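Chain nomenclature is as follows: A, B, C, D, E and F, assigned in order of appearance, with residue numbering initiated at 1 for each chain independently.
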Amino acid sequence: MATLGFVEYADASAEVRSIYDDIMSTRRTDWINNFWKALARDPVTLRRTWESVKQIMAPGALDPLMKEMIYLAVSATNQCAYCIASHTAGARGAGMTSEMFAELMAVTGMANETNRLASGYQVEIDGRFKT
Amino acid sequence: MATLGFVEYADASAEVRSIYDDIMSTRRTDWINNFWKALARDPVTLRRTWESVKQIMAPGALDPLMKEMIYLAVSATNQCAYCIASHTAGARGAGMTSEMFAELMAVTGMANETNRLASGYQVEIDGRFKT
Amino acid sequence: MATLGFVEYADASAEVRSIYDDIMSTRRTDWINNFWKALARDPVTLRRTWESVKQIMAPGALDPLMKEMIYLAVSATNQCAYCIASHTAGARGAGMTSEMFAELMAVTGMANETNRLASGYQVEIDGRFKT
Amino acid sequence: MATLGFVEYADASAEVRSIYDDIMSTRRTDWINNFWKALARDPVTLRRTWESVKQIMAPGALDPLMKEMIYLAVSATNQCAYCIASHTAGARGAGMTSEMFAELMAVTGMANETNRLASGYQVEIDGRFKT
Amino acid sequence: MATLGFVEYADASAEVRSIYDDIMSTRRTDWINNFWKALARDPVTLRRTWESVKQIMAPGALDPLMKEMIYLAVSATNQCAYCIASHTAGARGAGMTSEMFAELMAVTGMANETNRLASGYQVEIDGRFKT
Amino acid sequence: MATLGFVEYADASAEVRSIYDDIMSTRRTDWINNFWKALARDPVTLRRTWESVKQIMAPGALDPLMKEMIYLAVSATNQCAYCIASHTAGARGAGMTSEMFAELMAVTGMANETNRLASGYQVEIDGRFKT
């Protein structure tokens, strides 16, 4: 079926294979996870998404571990089961300990709580926060 | 009006004042932002929320800057204008540079994008992510 | 401009006026809030939405106050500023006290927090909850 | 168990059967999907929801394919697995090709990303957009 | 693996056991559901979360049934499958009938709909709602 | 202030000006809206975001009007006020009539409602939708 299904490396076009190769070499791994194999049904989206992720997740002012943890905080907020599973693995691979995971979840949970207290109480933005 | 409105320090009960004092001394600041002044209409919620935030945001396996940035990523994901304004200020106070802010937003935006690509493409969780 | 703008009673068609009249008599009030005046640009949506709201919010197994409070909990969760303002007014008109509001917000905030802890920790549904 | 469970055609009341018949004839199909069989536990909700969906999804200024694709974009945004599955099937039945699906997902993903960049950067609405 | 996994009573520390005991005695039940067993990997989060939930869900201006139903409305809004399952069970245990469940879902669904109509139509908050 | 603030054309670097020029020529307009002027504080994000938006929103299997309407449906779902305002303008510029807007909002609202009915009723995905 065209709409659903994964593109395995053995079945991929040369263009898709070159992206798969770049994913594996950039991440120093020997396999491609399902997310990319699903996007590969549309090589344009596969390329754009990978190029963006590669640029954004590279070391910079924030290190890769911190970036993976931010990714996980957003994914937990959005209830994206696939993304939670893949970025939990990614963050652990980048060095997240159990203690860091626990604190990450605590902050994520609390932010989701106070986001609703702020909206529900109709709190106006303080003048000092606008400058 | 009882439901909406802020509790200023001058009008606060002894119980609320003691919490305000703890907020200011913990944060090394001399003012209380509107979020707490709104919650103070219900001292039980004020106390519980502050005690939780105080515990969660203290230095631990993650440093306070990283925690503020995670808070901001969640708040941007949830479109909470108040929280975005207050935690942008908080993160900058904790040392977030413009470069760090830009990368934080880039990761937050990308995570929100791929969260929907993963769900829309109905991507199944890889076996390797389940172990 | 057609897309944005409100339909005031004085300018409304007979069809729209009859819906406005029903809104005011059902709610025992003498004015129409902006939500309905915006929807009135599309009388089909105005009628369907009002008929649905009228049916759903009528007294039944749950009383009108409880229904307004549920509406407010959802609106705070979704960060809909208009809906928070209108349903806070609606709930107070139906008898919500300051104490009830505070507890409603506390539950709403906590639910938003534990929703993310459950997803982030990848908690599996207990067998007992499936029967 | 009353709260969970589906109402099969063979077990349905005359009222529920008449709605099931209308769903099948409107959609030119010979089966009822689980969503309606779950709602049928509450015939009032079943009727209101079906009447609203029937009215909204009928051809109008937008054709049925476009409406199904909008439905899918919202469902992917909300992480509703059931709705994604059912409206992907619905959109494909209405003529969505693989190329259209890929572009739909690309737009949905990008909108979710820029929604957060706009909020995170605290971008003010341009005066030209308000007129 | 440390990050994923549950802490069973038999394997729990004295501190975790005392919290489990309090959960069971407060809820008058003889088992611990997976949510708490997952949080127990981090006793600090387990204790804080349980103490907050215990305080918030106790009878007050709102009764426990109403609180469970609000929890369920939020969980359905957020698409948290675990939370929907556990709080449906909780609400039914607290007395929610099939009729109450149906009305709860109807209000939750409608609120989610009108939240988007209000935002999409860019409805301004009425002056009367601000006072 | 570095973190907040817009980059006007007159103050922009050559790199940012070239992107602004491309935005204006691609969109056949003579001004830059605030979203881009905010992103321009980080030229890397400005370039990547614009290149992605330019690629995704170009005519393809879906026409530009349909793409703008999908963008608007997502933005209304996410309560992003800025994005709703800018993409309402964009969709109208691409030919969206008042009738099309009304139907778009009706579908968006209904999808948000049934997304929660499906989750709240814990509806299982039909076998036919999985093939």
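Here is the rule we use: contacts are C-beta pairs under 8 Å (C-beta built on N, C-alpha and C of every residue); 3 or more make two chains touch, one makes a residue touch a chain.
It should be emphasised that the depicted structure is a prediction, and the values quoted were computed from it without experimental measurement.
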| item | value |
| --- | --- |
| Other chains in touch with both chain A and chain F | B, C, D, E |
| Type of chain B:chain C copy interface by residue overlap (half), same or different | different |
| Centre-of-Cα separation between chain E and chain C, whole angstrom | 21 |
| Inter-centroid spacing, chain D versus chain B (mean Cα positions, whole Å) | 34 |
| Chain centre separation in whole Å, for chain E relative to chain A (CA means) | 27 |
| Overlap residues in chain A, where contacts from two or more other chains coincide | 4, 41, 44-45, 48-49, 52, 56, 77-81, 85, 88, 99, 102, 104-106, 108-110, 112-115, 117, 119, 121-122 |
| Contacting residues of chain B [partner chain F, same complex] | 79, 88, 92, 96, 98-99, 101-102, 105-106, 109 |
| Chain D-facing residues of chain F, complex | 4, 31, 33-35, 38-39, 41, 45, 49, 52-53, 56-57, 60-62, 66-67, 69-71, 73-75, 77-78, 80-83, 85-89, 97, 99-100, 102-104, 106-108, 110-115, 117-119, 121-126, 128-130 |
| Residues of chain F defined as touching chain A within the complex | 1, 44, 48, 52, 55-56, 131 |
| Complex contact set, residues of chain E against chain F | 72, 76-77, 79, 81, 84-85, 88, 104-105, 108-110, 112-117, 119-122 |
| Chain C contact footprint on chain B (complex, rising order) | 2-4, 41-42, 44-45, 48-49, 78-80 |
